[in-house]
Amino acid sequence: MDLRVNLLGYTLDNPVIPASGTFGFGYEFAEFYDINCLGSISLKGTTLEPRYGNPLPRIAECPSGLLNSIGLQNPGAQKVVAEELAKLGRVYGKKVIANVGGSAIDDYVQTASEFNNADSVFAIELNISCPNVKHGGMAFGTDPKVAAELVREVKKASTKPVMVKLSPNVTDITELAKAVEGAGADAVSLINTLVGMRIDLRTAKPILSAVSGGYSGPGVFPVALRMVYQVKKAVGIPVVGMGGIMTAYDVIEMMYAGAAAVMVGTANLVNPYACRDIIASLPRVMEELNISSLKEIIGRAHNG
Amino acid sequence: MKLTTLEVISNRQLNPRTYELILSGDIPPVKSGQFADLAVKGWFLKRPFSIADCEGGRITVLYKAIGGGTREMAGWKKGDTTDALVCIGEGFDTSACLKPLLVGGGIGAAPLYLLAKEFNAMGITPDILLAFRDKEEAYYIDEFKALGNVYLSTDNGSLGYKGNALEALKYYNLEFDRYYACGPLPMLKAFAEYSRQGQLSLEARMGCGFGACMGCSIKTKGGPKRVCKEGPVFRADEVIF
Amino acid sequence: MDLRVNLLGYTLDNPVIPASGTFGFGYEFAEFYDINCLGSISLKGTTLEPRYGNPLPRIAECPSGLLNSIGLQNPGAQKVVAEELAKLGRVYGKKVIANVGGSAIDDYVQTASEFNNADSVFAIELNISCPNVKHGGMAFGTDPKVAAELVREVKKASTKPVMVKLSPNVTDITELAKAVEGAGADAVSLINTLVGMRIDLRTAKPILSAVSGGYSGPGVFPVALRMVYQVKKAVGIPVVGMGGIMTAYDVIEMMYAGAAAVMVGTANLVNPYACRDIIASLPRVMEELNISSLKEIIGRAHNG
Amino acid sequence: MKLTTLEVISNRQLNPRTYELILSGDIPPVKSGQFADLAVKGWFLKRPFSIADCEGGRITVLYKAIGGGTREMAGWKKGDTTDALVCIGEGFDTSACLKPLLVGGGIGAAPLYLLAKEFNAMGITPDILLAFRDKEEAYYIDEFKALGNVYLSTDNGSLGYKGNALEALKYYNLEFDRYYACGPLPMLKAFAEYSRQGQLSLEARMGCGFGACMGCSIKTKGGPKRVCKEGPVFRADEVIF
C-alpha cells in the first residue's frame, strides 16, 4: 500500500491535508491526537494585519453542512510567522501550507512575502475566493483578469510555489483555473465555500450577522467533485481537491476526479479526529477497491 | 475536554418546554460553567448545553425545546446514546468570593445549579435570583431552594416580583461581592453595565465547540476570545458587547 | 390561519407546488393521495418534439440529495396538451403551470404557444436552466442578453403569464433575474439544479452516462435560500422559491427569504406523500411561529 | 404498491458478501419479479431489491453487500425497522409457459426463487440455471433444488460447468419455451440476442422507484418504459440495449 503523493516538489506521506480555517494553526489538534499522521496542514487564512473578522453569529447549521462567516479572523502575518508557526513546529515535524488572504493585490503580495523565510512552509495557498470579506477575496475569485494579475504579482514576490484557491461561485470555474495557470500559478485548490444563507425561524432574520456565508460540508461534495473533474481537464498544473470530504471513500472519489491531494475541512469541526480516522482507514479502503498506490489513481475517471 | 459516547439515564419533562436530561458515561471532572456538546441524530452540528449537575459519573443537562434539535432530544429515551464533547471551556471562577449572587434568566439558570453546589461545598449559601418570562417557564425552584436563598421574578408577575432580573435585584435589595449571571444577552449586557463585579456565561452559535473554527469569537478588552475555549464564562468587565 | 397566496393573478389555496420533473404530469400521484390539496402543480418539462432524454444511468445519490440527468424526457408538447392535461384534469381541479424547455428560441416560442388554449394552464414556466440538455437550456440561463431575447420572443407568442426559471450555476443570479424582468417576465422561479457529479468507486467512472448532472435535495437549500433572498432584493416581480425544501419549516424560511410561493421537488421522490405532509403540517408550524397569514410573511427577512 | 414500515425478523449471512433478510409488515400480495425499495438510515435514496420470497406477511430479500447502503444493511438486527415501498413494478409473466428455464447470474437469482415457487404451484418443476463468478459467490443452492432441476456454472469452474450462463445453457443442452433471466446487463444482452423467447429482469439506478422521475426509463420498441413501473421485467424482444 503506497499512500504517498507528490505536491509541488514535496512528498506527502498521504494525500490528506486539513483545509484552511478548520484546523486553526494546527497545534490545538495535538491535544486530540498525534498530528504527524497528516500529509500536511493548510494553515488558517492569514492577512497582513490582524483581523477580528465579522460580528457573531458567524455559524449557521445546514442539513448537510454549515455556513460560516468568520471573516478571516487571524493575528496577522508577522505574528503567524513568529508565534504560530513556532508553536506548530513543536508538535508537527512536516512542512505546511500558508493560506493567504487579502483585499488588495498589495496585501496579498506582502503577506505572501512574509512567509519567504519560513522554512516550515513549502507552499502558499492564495485564497482568492473568500466569500466572507467585503471588497476582498471574492472579486479576485470571479474575474479571470484580476485573478491573473494578482497571481503574477504574488509570483514575483514569493519564493515559494503558489497554489491558488478557487471559488465555486462562478459560471465557469475552468476560466479562472486557466487564467491563474497562465499567470504562473503552480497549482490550484478547490473548492472554497458556496455562498449560502439561513434565516432564523423564530426571528425571521438572517442567522448570520453578515447575512450570507460560506457553505461547506458533505452537502457541497457533488459540486466540488464536478469542479475538480472539470478543472483537471482544463489545466496541466496539479489540482488539490476539497469540499465535503468526510471519509476515505470520498478521498478516493476526489482523486479519481483528478485531485493530486485532498483537503478536509468541515469534517474536522464535527469530529476532531476526522483526518486521523480518514488516514487510518485509507489502507483498508484501498484494499477493498484494489488500489495499491494512490499516486496512480489521480484522474482515473478521465480515462476512457 | 473529551469526545465520548453518553447514555441517556432519564429525560424528564419539567414544564411545557423544559427537560432534565441525565446522561452517564466516561466523564472527566466537571467545573461549574463548563458545557457539553451533544450530537443529535439527523442534525449536522452538536448542540451545546451547560452542565447543570455532575455526580457519580453522571451529568445533568437542563434544556429547553426551542428548535429541531432540542425537539428531537425531547424524544430521547433511557438507553439512547449521544456522541458528545464533554467538559468544554473554562468554568466559573469561585475564588475569593464570599457573598456570591447567582442570577439566572430562563434556561440560563442551568449552570448555576452546579455552581451553587460548589459554593455549598465551600461552606457558602449563595443568594440565587431566578428570572423567568412567566410561571410556566419556571423549573428547579425547589432544587435551588435546597442550595441557597432563592429570589424569583417574572416578566408578568405570575411568580415572584414582576420585572426583569436587574429590576428584581434592586427590588430585593440583593448584595454581592461577585455576581454570576447566565441568561439572554440583553440581561447579561444590563448586568455588565450595572456592575463590573461579575462573571457572565455567554452563548454563541458554534461550529466546532473546541476552538478550531473561530465561529464563536467575541471581542474582549484582551482581544478576541472564543466562547467555547476561553469562555463560556467571561469577566463582566472584559466583554465588549 | 390563512394559507392562501397569490401568484400571477391566480389565488393558490396554499403556496406548495410540486416542482417540474419530480411529479410527472401529476396524475400518477393521485394513486397515493388526493392531489387537490396542492396549491398548484408544475408539470414535467415539455419540449416541442418528444424526447427520450439521456441514456441510463440518469440518477446518482448524494449525501443529501441526488443528481439527475434525465434530459427532459417527455412526450412532446402536442401530446402533453392533448393527453396528459386531460388525464390530470380527471384527478385535479385546479390550474397548473406548464414547464417549457428547448434548445433554440424558436423551440421555446412554439412550445409555449401550444399551451395558449389550454384552460387548465395558468402560467408558463420557462426552463432556461436545465443542465442536462446539450446546446440547450443552460446557455439561455447563463447569458443575460440571450435570456432577455428569449423572454421577449416567448412573451410575444404566449397568452399566459411567463415565469422564468433561473439557473444557480452563475456568478451573479441577480443579473439574470434583472435581465428577464426587463424583458417582460412576469415572475421568476429558482433554483434549478446545481451541476454536480459522482464517480462510481468500483469502476472509477462517472456514474451518470452524461458525466455530470443536476444536484437537488436538502443539500442545496442554503444556496437556494441565498439566491431567493438576493433575487427578491433585485427585482419587483414575484419570486417562486425552491431547492431542497423538505418540511413546512423550510417553506416558511423560503417565504421569509422572499418567495411568493414555493416548489417542492426531490422531496416527492423520497416520500411520495411529501407535498401532502408539508401542507398538512403548515397550520401547526404557523401557529408555533405565530404566523396567521402566509401572504404577510413573504420577504420578511428583508425588513430591518 | 405501498409505502410502509417493515420490521427485521432475521438477517442471515449466506456467504462472504450475500445476506438473507426477512422482513415483516403489512405487505400486499406479491407477484414474482416485483421489488421492494428499502430506506437505509444515513442514505438519501432507498435501495431496490427483488422480493425473493413471500409467505405469511413476510418477505425475503437476498442481497449482496457491495456499497455503503448494503454494508449498512448487513448490520441490521432483529427488531430494526425500515421504511419501504413494497410490491413495486410488474412481475414475471408465467402465463402460457409449460417449460420454463430460470436463469440467474450472481445475486440475480434472487427473484427466481419466488418465480420457481409460482411454477411449482402451477404444477411445473422448472429448470433453474444458476451462474456465479465462483463457488464463494453461490447461495441458496439447496433451496433452489427443492423447487426445480438446478444446473450450475461458475466463471472459474469452482462449482458446476466452467463458463458463463449462456455457455452453460448450451453445455447442459437446456430447452425451454420461455426463459426468465435476471443478472448482469451483459448476460441479459447475450440472452436477448440468443433468443427472443424470454423475459428479462432489469436493474437501473432509481430516483423514486414509483414512476415519478423518469430516472429509470429504458428504450423499448414500444417507446420509453420505466424499470420501476412498467418493469423491472421486460420481454427480451422489446428491450433496446
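In this document, chain identifiers A, B, C and D correspond to the written order of the chains, with residue numbering beginning at 1 in each.
Here is the rule we use: contacts are C-beta pairs under 8 Å (C-beta built on N, C-alpha and C of every residue); 3 or more make two chains touch, one makes a residue touch a chain.
For clarity, every value in this text was computed on a predicted model and none was experimentally measured.
Novice: Give the chains in contact with both chain A and chain B, ordered by label.
Specialist: none
Novice: Stepping chain to touching chain, what's the minimum from chain B to chain C?
Specialist: Each step joins two touching chains, and the minimum needed here is 2.
Novice: Let me have the rounded angstrom distance from the C-alpha centre of chain C over to the C-alpha centre of chain D, please.
Specialist: 36
Novice: How many angstrom between the C-alpha centroids of chain D and chain B?
Specialist: The answer is 57 Å.
Novice: As a quick test, compute the distance in whole Å between the mean CA positions of chain A and chain C.
Specialist: Roughly 34 Å, centre to centre.
Novice: Using mean C-alpha positions as chain centres, tell me how far chain A is from chain D in Å, no decimals.
Specialist: Between these chains, centre-to-centre, one finds 45 Å.
Novice: Among the residues of chain C, which are close enough to touch at least two other chains?
Specialist: If we look for residues of chain C contacting two or more partner chains, we find 60, 62-65, 201-202, 249.
Novice: Using the touch definition from the top, which residues of chain B touch two or more other chains?
Specialist: none
Novice: If you connect every pair of chains that touch, what shape comes out? Choose line, ring, star, complete or other.
Specialist: It is a line, because the chains touch in a row without closing up.
Novice: Judged by the touch rule stated earlier, which pairs of chains are there in contact?
Specialist: Result of the pairwise touch check is A-B, A-C, C-D.
Novice: Any idea which chain D residues touch chain C in the complex?
Specialist: 1, 3, 43-46, 66-67, 204-208, 210-219, 224
Novice: Would you pull the chain C residues touching chain D in the complex into a rising list?
Specialist: Contacts found on chain C: 21-24, 28-29, 31-32, 44, 52-53, 56-66, 68, 70, 73, 201-202, 207, 217, 268-273.
Novice: What residues on chain A touch chain C, complex-wise?
Specialist: These residues of chain A touch chain C: 60, 62-65, 67, 142, 169-171, 194-199, 201-202, 204-206, 211-212, 215, 218-223, 225-226, 229, 244, 246, 249, 252-253, 256-257, 289, 297, 300-301, 303-304.
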